[in-house]
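Going by the order they are written in, the chains are A, B, C and D; count residues from 1 in each one.
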Amino acid sequence: MNWLIAILQSALFIILAPLLAGWLKYCKCRLQNRKAPSLLQPYQDLLKLSNKQPVVSEQASWLFITAPYLIFSATALAASVVPLIVVDLPTSASADVIVMVGFFAFARFFLTLAGLDIGTAFGGMGSSREMTISSLAEPAMLMAIFTLTMTASTTNLSGAIAHVLDEGLVLRPSFVFALFALVLVAIAETGRIPVDNPTTHLELTMIHEAMILEYSGRYLALIEWASQLKLMLYGVLIANIFFPWGIAETFALKDLGYGLLAILGKLALLAIFLAIAETLVAKMRLFRVQEYLSFAYLLGLIGMLSHIILEASR
Amino acid sequence: MNIGQTDFYTQAILSLAALVGLTSFLMLGQSRLLRLIFVFALQGFLLTLTTSLAAYSLGNPHLYISAALTLLLKVIFIPWMLRREVLQMNIHRDIQTLKNKTMIMLGGASLMVFSYYVLHPIVQNTAPVMLNALAVSLSVVLLGMLLMISHRQAVAHVVGFMSIENGLFFAAIVATKGMPMVVELGIAFDVLVAAVLFGIFFLHIRSSIDSLDVDLLNRLNEIEK
Amino acid sequence: MILFSAYLAVLLSFASGLLALTVNQRHLLQTLCNYSFSTLFKNQSQHKAWIDKNLELQRFPAFLRQGVFILLGLSGLFAVIAGLTVLISKQVITDQLPLGLPWLPWHIRFDCLSGFFFLIIGIGVFAVSLYGPGYVRTYKEHQHPFASLGLFTGLFVAGMLLVLLSDDAFMFMIAWELMSVASYFLVAFQHENSANRRAAFLYLLMAEVGALAIILAFGVLASFSDGFTFNALRESKLSVTWSSIAFVLALLGFGMKAGIAPIHVWLPEAHPVAPSHISALMSGVMLKVAVYGLIRFCFDLLSEVQWQWGVVLLILGSLSALAGILYAMMQPNLKRLLAYSSVENIGIIFMVLGLTMIFMATGHPQLGVLGLLAALFHAFNHALFKNLLFLGAGILQHQTHELNIDMMGGLIKKMPQTSLLFLVGCMSISSLPLFNGFVSEWLAFQTALQVDVLDNGVLRSLIPVAAAALALTAALAAACFVKVFGLIFLGQPRSHHSEKAHEVQNKFMLAGPALLAGLCFFIGIFPSTIIHLINNTSEQLLGQTLPNVNALSWLWLAPVSAQQASYSPPLVLIAALIAAGICYSYFRRNPLTTVRTAPTWDCGFGGLTPRMQYTSSSFTMPFRRIFAKVWIVDEQISKETKGAMNQEVASVHYQLQVHDHSWPHIYTPIAQGVNDLARQVGRIQTGNIRTYLGYSFVTLILLLWLIS
Amino acid sequence: MIAAYFVLLIPFAGIIFFAIADSRSDMGRINVYFNAVCLLATLWLAVNVVNHGTILSANKAYIVDPFNVYLIVLTAFVGLTTSIFSAPYMAHENEIGKLTAGRLKLYYTMYQGFMLAMYLVLTTNNLGIMWVAMEGATLATVLLVSLYRTPESIEAAWKYFILCGVGIAQALFGTILLYYAAMQIGDGSNALLWSVLYENATKLNPEILEIAFVFMLIGYGTKIGLVPLHNWLPDAHSEGPTPMSAVLSGLLLNDALYAVVRNKMLVDGTTHSNIAGYLMMGFGLLSFLVGALFLHRQKDIKRLFSYSSIEHMGMMTFAFGIGGSLATYAALLHMTVHSLTKSAIFVTVGHAAQIAGTQRIEKIRGLIRTQPQVGWGLLIGTLAIAGFPPFGVFTSEFLVLLATMHSYPWLAPLVLLGIGIAFAGLFRHIQPIVYGEKPEGQLPVKANLWPVIIHLGLVLWLGLSIPGFLAHWFSQATVLISGSTPL
């Protein structure tokens, strides 16, 4: 039964991801008072791309072809680990939060390799920058998550979220720091402004785009979808870890419905915040990113220490 | 105790000891090779006297033999050989000026005191003559070394070497009334061979650096240029 | 029986060494076999014919090479058998050999810990022996005699096995040094170029110093007990001070061998210059022997561990993990890079061992077991994938005559199998899920996350930082090996050689790496197989087992408790396959959308040439900017201008060198100091005989004065 | 006991033979025969001693106990193997015109003379005779050092002669003092006999003995090559013919040390302050460290190894000084393995010098490519002398380290430092010599490497396992010196 729920939930996750992207674009357009495309635009793009005939460079090797599938499935697995509408998932038992980070690493590994495969300067540039940023972001993220896992004394995500739920509303300084750290990391990892600009095609500012320049057709679709999935995943993480209220604890339909509504609401809110941030902030130079990320890392560290010293000290 | 109460033998030994020590001092201060050799021969002769005296008074005959050996080697053969060398090398006229001679003499004197000081603890249970004799011989040994350190002439080195031997020999005679016969003979043999070798070496050194100044023998060093 | 196979492993490695010696004694062998066939067994003429055929002049060398490596492989096989059997049967077998000092015969002890490392060595040696014959074929006999190579390889393996078997300080040291010296000769094997000689000298020097430190460490124990047997040393009652001294000495000695920063410098020099299969053994296996030594010394011989030691290990480990991977990232030479990444992995192992010590000393033995589990498991994994990568590097060198990864590229099309194997290696070493590297990293994190049980505030805040350092290390490792794989196998060929390169003919050269790659994947999916073995080890060594043994099944990995953390690689694999399958089939549904190939788009810029690709140094440029303080970077750009007023630039020359901080700060001063001291001492040899006489005179006076 | 007389008579006959027989081509082989016969005699002697314990000749002139009997056998053995090596070596020197036939004759005569002196030092029961023999050894070898008649060789010989002569004179003074002390307890005629002295050791006057020991230490220490009395040693080793260096390093130093240890045993028996031990430890450690440092800046390969000899003698002296069964055992073992290894090394060094035509280190290159046996011999020999297992030197150094750790832990770091420095000093020179491409015009020479193989084989054997009878000797000797068995 709960396996079924788990699978359904991950499917839901995957399906909702483009919607979030659409909503985000919509908010941004409204904030920049432009006329917004429909919320379903991302779906149409994906469909279009998946029906086009892909064109692949002669230089490409088998790795270039297979990478999108691997990237997508790795991200999907990561998604399946995160409780969206209900806690107590068997999937999050079979792969805990560290494994989730591992999935991200997996996807990134192949994305960067694909960037290097054709042998263009752009690809190399993108891979190099992506690797730099992520390798700084990963420890910061782990710090933030460790704060949670040490509070809940489990690395099992649904377990941890359940633990936060049971505690009820406890104001934890560590969580505040961890929240900020996670937000910063999420922005960096999902390639949003101010770290990267998803809509740019200026070679000097590109990071994520530079790696996937050579992709087209269904491969591009997969990668885009994967990145949308990643965005949503971070959103859900932030939402459900720090504001878990509303998530279903039983498999009763009513609870599930409430859970769905709750998460949709939270995500919508988050997206609005993100849109506002992206409109206000300008993209920063590449070599400012390290300061940005080390700040995130610092926050995570402070969060963990404050957990250890203030909250759990004996 | 003062010297008046001792028997004649002791007095004689002591005075000879004093003379031997004196000769060592003379050698140390000596800057002319021929005189050096002469004083060395003199020391050998004193040694011979001491030996025969000991042989007579202690009445053990084998000391006579070593006395004879000493006479042959130290008084006749070696001085003759050295003298020949010096004359052949024609260096008997030039004087090696010793740097800070007074310091050396003072050092010699202090060495004598030092050897008394060193040997003092060992003679509680024996006659003080032993102390004097041993101290003198030790100081002769040390003075011999000092001689070799202060003189640059190979000949002087040989003399110093031999005078060290003299000191040892004197100690052997006075303190222990001579070593066992085999040892005496062995030592004498060694001295003989050594003397011969010295002769040979003078030849070689002359042929290699045509001088007998040992300071010129410094090819084998490890000082970083 | 178990001990017998262990001995057999040692003897076989010796035998392979001795057999290699006969490379120049063909006629001797001929006469020998003629004689034996004429006298002992007359009837087997077909064997005789076979042997005679192989002893012919042109066939003999190949035949001999085969023979030597077959013996080596058998030795590896028996080592594996011995290790597995002892691990499963949880026995402790002791024995004595009539060698050594008259009052101290060689004591032998074969227990689970030794067995586990036997397993590691056996696998490594076996893979190498598959790989070897094809690799060494290219050496010219008169230049690089196979005799010495084979002989010292055999001795090297034998030395490592004996270290594991030894149960008294004396035999331990002999075996240890045998290992060092044999590998020294292997490092100096291609001694015609001076870099190798320098590396070999450095290696031997540091090995010697380390060995002396170990001897002293044993000496400390021995002076508080009677005799040098490990049993006696276990009994020794030391004060905390003395045991700490012993620990520091042991750490110095074993750490030097294991290549812990900052005493790692021999490693990146020595590993690259040895023949590749030897580098594989040195980096993959020998370092583990050093780890074994440290574990044996600290957890077995020393009566109880102190948590301060754990802190020392933790800090040193984190430092060398970070430094190792950062330096690795900057290396253009593939084998140097791999060597530095060995430093990183050893750092991780030491770090987790530090955690183990802390937990043991603060009275949480079960968590200590968890740490030991992570450490040993990571040692095992590192042996697998580092061997794999070094063998792969050997193949690349063999085919492209290049080790500089800036000169390679595009090899994925030229050498498909190699590239696949290498990819597996890269994925495991950058600890991606589904591969073995990830599991041990996961365990390490799990261990670090148990910090809550500790009371000491320092530790409680230190360990999470270490965990974050571990995370950073992992991420950097991923970046580094993306660079490696991407630049070597992807993109377009950057040099003539790599353009002409092709897959190796000799399939055995692929079989060795393939075996290791398979193991990497298998262990990644079913880690419990190894974890059970390690559990037995820790049960024997620490008298403790994992908190939650019964949760260990082939499917689930939940070392502490299913509530706290669990990981099920098989399920993940299945899920991944399903997901990939679904989207694959979904997108392949439409026959119109078959892939069309076209020239590279590249944003519409044309004229793409291989020289436009990112190189190693450009790929790592951001890191160089960010972690600038870590290296001594000397970067020079020289511009040649021409034309009127030197306006236009004729050519730009860029060169980059990245140096190790430890040289100018530690090693050069020491060498300088010794030289100066030697020069000072040389002054006493003035060459003037009177001075010499003065010496003895003064000495005499002084002594006499001293006496009275 | 006849065996002892044989041991002494054979080299004497050798002297006579070479002295009177006119110089001939096969003198080398005859020399080998003499030494071989002598080795047999010593083995016979050894068997006697092992079976019946200490032997004292009827006239008390000779004493052979477990301590010196194995040194005697060692002396004979090294003498034999070195003579095997020296036959082709000297022949080669003769061919290339460095030596005339007359000198060759002198060489062989003095070789036998040296052996005789060595045996005499070891077997005699009389301190006086021991002194005489020791001086005789100097006199016998001094002409060999200057055999080539080059200015350097003459200078070296002169220094050797003067320094050792003066030094040994101190030993004689010590002997006289000892005799004097012995005469206090009467019985003048044989008061210099070890056997007698050991019996009445407790009755002797301790002050006199301490002073006497100082003189002995200075005297024989000069011959051991203890810093700062060592200055003659590198010169004499580097300038004389290589076989001479081999026997000097392998035998003369050992026997001088033997004399010192004998005296130490006596002093320990008399005084209860461990003054002798401390003195020996001090000198030993000093020589060990200084010798190790000297290795670094050498330019002449034979000097290099003579300094390594100083360093190792220092270590032995140090170990004997520590006293105690373990250290003593280690020192005895180290004596054996050092003289075996060092003479083997000098054999290879000699050939290496002949291959390159010079002893200058920077001229000798790529030996392994030029003449593999010599190259590998030198390399492995150096490994062995640097104390790498499984060679015997490691065993003894291991024991010394542990003994130091046990008795004087604060000295252990110094010893460790010394070993490390010495190792680096040796290898920084040896590695470029043996490795690398072969330079032009380096040709292999006719070499007989059996001595090297045998010696290194033995050292290897000693490292892996000390054979029973040898262990028996060692432990007997250890009991004799330190009064207790090792562990």
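As a working rule, a residue touches a chain if its C-beta (ideal position, glycine included) is under 8 Å from a C-beta of that chain, and two chains touch if they have at least 3 such contacts.
For clarity, every value in this text was computed on a predicted model and none was experimentally measured.
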Remark   = Most contact pairs found between chains A-C
Task = Compute the distance, rounded to whole Å, between the mean C-alpha positions of chain A and chain C.
result = 37
Note = When centres are defined as mean Cα positions, the distance from chain C to chain D in whole Å is 43
Ask   = Distance from the CA centroid of chain B to that of chain D, rounded to the nearest Å?
value = 31
Query = Roughly how far is chain B from chain C, going centre to centre by Cα mean, in whole Å?
reply = 70
Ask   = By residue number and range, which residues of chain B touch two or more other chains?
value = 118, 121, 145, 148, 157, 214, 217-220, 222, 224
Ask   = Which chain D residues touch at least two other chains?
value = 158-159, 162, 166, 170, 207, 211, 234, 294, 297
Task = Specify, in ascending order, the residues of chain C that touch 2 or more different other chains.
result = 679, 682, 685, 689, 693, 696, 700, 704, 707-708
Query = What are all the chain pairs that meet the touch criterion?
reply = A-C, B-C, B-D, C-D
For the chain C and chain D complex, residues of the former touching the latter = 98-104, 170, 173-174, 177-178, 180-181, 188, 191-192, 194, 197, 200-201, 204-205, 208-209, 212-213, 215-216, 218-220, 222-223, 226-228, 674-675, 677-679, 681-682, 684-685, 689, 692-693, 695-696, 699-700, 703-704, 707-708
Task = Please name which positions on chain B make contact with chain D in the complex.
result = 118-119, 121-122, 125-126, 130, 134, 137-138, 141, 145, 148, 154, 157, 161, 164-165, 167-168, 171-172, 175-177, 179-180, 182-183, 186-187, 189-190, 193-194, 197, 200-201, 204-205, 208-209, 214, 217-220, 222, 224
Message = If we count contacts the way the header does, which residues on chain C are in touch with chain B in the complex?
response = 679, 682-683, 685-690, 693-694, 696-697, 700-701, 704-705, 707-708
Ask   = So in the complex, which bits of chain D are touching chain B?
value = 126, 128-129, 131-132, 135-136, 139, 142-143, 146, 149-152, 154-159, 161-162, 165-166, 169-170, 172-173, 176-177, 179-181, 183-184, 188-190, 192, 205, 207-208, 211, 234-235, 238-239, 294, 297
Message = Touching residues of chain B toward chain C in the complex: what are they?
response = 114, 117-118, 120-121, 142, 145-146, 148-150, 152, 157, 214-215, 217-224
